[in-house]
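Take a look at the structures below.
Shared chain: chain A. Partners: chain B in the first complex, chain C in the second.
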Partner chain A sequence: MSQGRVPAALVALAGIGLLFFFLPLAGLIVRAPWDQAVASISSAETVTALELSLFCSAAATAIALVLGIPLALVLSRTSGMVRAVLRALTTLPMVLPPVVGGVALLLAFGRTGLVGSLLYRAFGVQIPFTTAAAVMAETFVAMPFLVIAVEAGLRSLDPRYEEAARALGARGWMVFARVTLPLLRPAILSGAVLCWARALGEFGATITFAGNFPGRTQTVPIAVYVALETHPDSAILLSLVLLAVSVAILAGLRDRWLGAI
Partner chain B sequence: MTRRLVVLLAVGLMAACGGSSAGATSSTPQTSLTVFAAASLQPAFDKIGARLMTTGNVKTTFIYAGTQVLTSHLTQGAQADVFASADTAHMTTVETAGLLSGPSQIFVRNRLEITVAKGNPKGIHTLADLARTGLVVVLADPSVPAGKYAQQALTKAHVTVKPASFELQVTGVLSKVALGEADAGIVYVSDVVTSGRVDGVTIPEDQNVLADYPIATLKSASNAAGAKAFIDFVLSPDGQAILKAAGFQGV
Partner chain C sequence: MSLTASVRVDRDGFGLDVQLDVDEGETVAVLGPNGAGKTTLLRALAGLVPIVGRVELAGELLEDSALRVRVPTELRRIGLVFQDHVLFPHLSVLDNVAFGLRAQQRADAKQVGLGWLQRAGLGDKASSMPRELSGGQAQRVALLRTLATEPRLLLLDEPLSALDVTIRAEVRRELSRQLASFHGVRLIVTHDPVEAIALADRIVVLEHGRVVQSGTPAEVTARPRSRFVADLAGVNLLRGKAHGDHIKLAHGALVAASDAGEGDVFAVIHPRAVALFLTRPEGSARNVWKGETEGIDLHGERVRVRVNGPVPLVAEVTPSAVRDLHLHAGAPVWIAVKATEVSVYPA
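Coming up: the complex of A and B.
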């Protein structure tokens, strides 16, 4: 397949698809006020937003790894109705409008929410408007990407490796740590990268659940939105910074890990 | 799984389209109108839209958002018939961009109020109370008209608050208080009147800010006559009565 000639019509369609991705990026690059780039990017607000975004997206990815891999494992070992329901639940945030996700988070973890009200009454802790809320919003929206990738990896796994390990006397936890996890590495990495990228770009759930405060909950996408109205130039530059960070990390990971999906 | 989802979406879409076209039967031919309006105008404008539907068979589509969002959409080429702004600064931006077909006019005024939970459990009575520690206060972002006005009021009262969040539109402030996530916020009087889920605390005259709302027909209007009729109605005694009932001050 990789050696065959691609029909011209498909090449043309691929070209249109590529242009569709490339032109908006070109728009950003062409319209960017490069003369102010250094001053704008090194400004305190930009650095604060960028640091917060990197922290929140990394934290969200870490939580997604800890909770998402076991979830994928459980999903891959279920079938029928149970699996259909579990799968719908875990992938729901992918199709839910992020703002709705944010409202749902408020109703669950807000000061008057299902769980949040208990926290507030017992410890006086309020989650909304904190960095923790921003991390939770990003995790909620991004974790499904990891779960889906890892579950796909698990399903394509040859069960004979695990059976062999068990036949040799390895217990459940040992099989998972020594056999399953290493075999899953490509799927976990590609899932983690997708999850991180989605978390980095998160806007709707974050603004709804965590609000907007510089240094606390104002991630780069929110900073871009706020700046778009008042300082469109710095909004463009900020978008480019986000783009550059994403491209650098995605390119750094390259095909061998992303190819698993 | 995916295919089933697509089918479901398609069916839903068809149902939605069928529903909207079914209602379009009346004696006078229906005309349509698109109005870009500041988020705070929603309760009053929805009523005005319903009135114009029954009296003039005009189907008005309202796009509500923070005035700053509407302004940037208009300057980026969004098409609409009428623009109703929550401040004169953004209307001036749109006018300077050459997007108005005529001069704008102030059609209503609004004042600020402190919004608190029903029954005011935290005992907030003045702007100075908002500076109390342990109080969760949300404001609109200074790029939003309501946020700019709130800053002006706080400056007049010599109060510095540490807000938990700068919301991107005034309705965000209202919903955070209504949901119980914030103890207080600064919004328009009209927001409190029409919300029904919060209480208002009056800000005295000398600390308050009078917000002028201008309205204008846009050059891109595809229904200029309808736009004029809409603005005429908003300025008429009937229109002003609807706005006053929603907590605005007439002109």
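Coming up: the complex of A and C.
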């Protein structure tokens, strides 16, 4: 199949699939009020929302890397029931409607929530409707993408590299830092990119758990949603900004590091 | 410094049960067909597979299942060289060689590693990546990486089998030299008899997870105790019950042998001692059978003829004999073996 000619029917279906992706993007570009573009894009609100989006998605990706790689490691070394349960838990946010995720986060970390009430009583800290809440919501929704990618990388890793390292006298941490982690680099990078892209586009969990406060929790997707009600034209331009940023960063990463991804 | 190991590994459908003693300065080759459990044995000694039994190296207890002692691989101070080298692909050749020294927290890891490379004539490859090395170079780097940690026990898994046949002889000589300069216990596993005979002082033959034979290469090939060894020594191996002047094989055929003794025995017949005739031979040979030619293989100047009959045997003849006897697959043939050519020893 890889060498041979693709049957015409499949080419036609592939074409329909491509159109399905392309038409909405074309719609955005055709209908964009280009005469207002510069003013709208350089407006303070847009810049603030974009900065916040970039910050939150980067922070969410960083947290996902710190917590997700060890999680993937543990997942890949378990089997049977334990693995099934752990896997279900980590992939749940991928299938859960993000709004439900936001509600769940509120119930856990809200002022009267399971953990939130303790935090409030002990330190007077409130998480919901802060930038931290936006980061948490994005991490909740996006981290599974990283975990899945890294776990797949771990499972396809030849275990003898780690065995060779141990036979040479390397202890657990050195094996991880000098052998496992570098060999996982492609999986980690692709997982991080997927995770970041998902976090950048996150809407449902963020607006539920963090709300819509310009400069604090109003990321670009939320700004688009809000603007759609009042200024549809700027909603289109904001969407294009988000699109341009994603494409630019993905393209830049691909050339620098990602290679075949 | 010596290795004393009693290793039992039970896995679904496969059991390994081996008693092994290797002295310092001795190179022992564990020889066996694929699937005999050779690699499992090495991994067990390295601590990568849990065992039932006991492993003692240089007087130090590494593992004892009864005492629940199990020293982890990284603390065993053993050297394990994998069949396909398993060099770290993301590290330079020098970093590969220095890896174990770094694990020992040595500040001079890089210099010492470079010294090992230079002494092996690989100094110019220090900054190369493993993928840029030839198979032979990768094998040598893998060995250096292990030797640099100064292990007490060197475990080599099929050290030459990943290499091109054309360079094997050269790498084998080099390996033989490096093994000679290593002061510790040396254990090689291989399915290649040439490798075992060339590198080892003693051969331990492993089949189906059990040791079937052990001794110097000459001893092992002189008195094979398994089909595998008989094939590699190029001789016919029979097994049966001896009664004075003959042996009764499992399927009932009788083989005359001078002084066969009594009881369960092996018998070896060299292919050169198997004579072939077109018609029933008149002569002194006490073993005469009618058979059928099964196949003909050329071995250099000689021809090996596989003959089926009451006692299936391989005969070695000259090319002209093949012509004179009209030998071809399916051709009928008479076989004669003198009783004095049947060498018998207890099973």
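Operating definition for what follows: the second predicted complex is superposed on the first by the 251 of 261 C-alpha atoms of A that agree within 3 Å, B and C clash if a C-alpha of one lies under 4 Å from a C-alpha of the other, contacts with A are read in each partner's own complex, and residues count from 1 in each chain.
Keep in mind that, in the parts below, a residue touches a chain if its C-beta (ideal position, glycine included) is under 8 Å from a C-beta of that chain, and two chains touch if they have at least 3 such contacts.
As the structure is a prediction and not an experimental result, all values here were calculated from the model.
Placing chain B and chain C on a common chain A by superposition gives a fit, with no clash between them.
In the superposed model, A:Glu229 lies in contact with chain B only, and not with chain C.
In the superposition on chain A, contact of A:Asn212 is made with chain B only, not with chain C.
With both structures placed on the common chain, the touch criterion links A:Ala9 to neither chain B nor chain C.
Once the two complexes are laid over each other on the shared chain, residue contacts for A:Val30 go to neither chain B nor chain C. By the touch criterion defined above, A:Tyr161 lies against chain C but remains apart from chain B after alignment on the C-alpha atoms of chain A.
Looking at the shared chain after the overlay, A:Arg178 reaches chain C, while chain B stays out of its contact range.
Between chain B and chain C the least C-alpha distance in the superposed model amounts to 27 Å. Within the complex, the chain B residues that touch chain A are 1, 5, 66, 68-69, 71-72, 136, 138, 141, 143, 163-168, 176, 179-182. For chain A in complex with chain C, the residues that touch the partner chain are 158, 160-161, 163-171, 174, 178-179, 182-183, 185.
Listing the residues of chain C that touch chain A in their complex gives 46, 48, 72-80, 82, 86, 88-91, 99-100, 102-104, 145-146, 149.
Note for the complex: chain A touches chain B at residues 87, 95, 106-107, 110-112, 126, 128-129, 207, 210-213, 217, 225-226, 228-230, 232.
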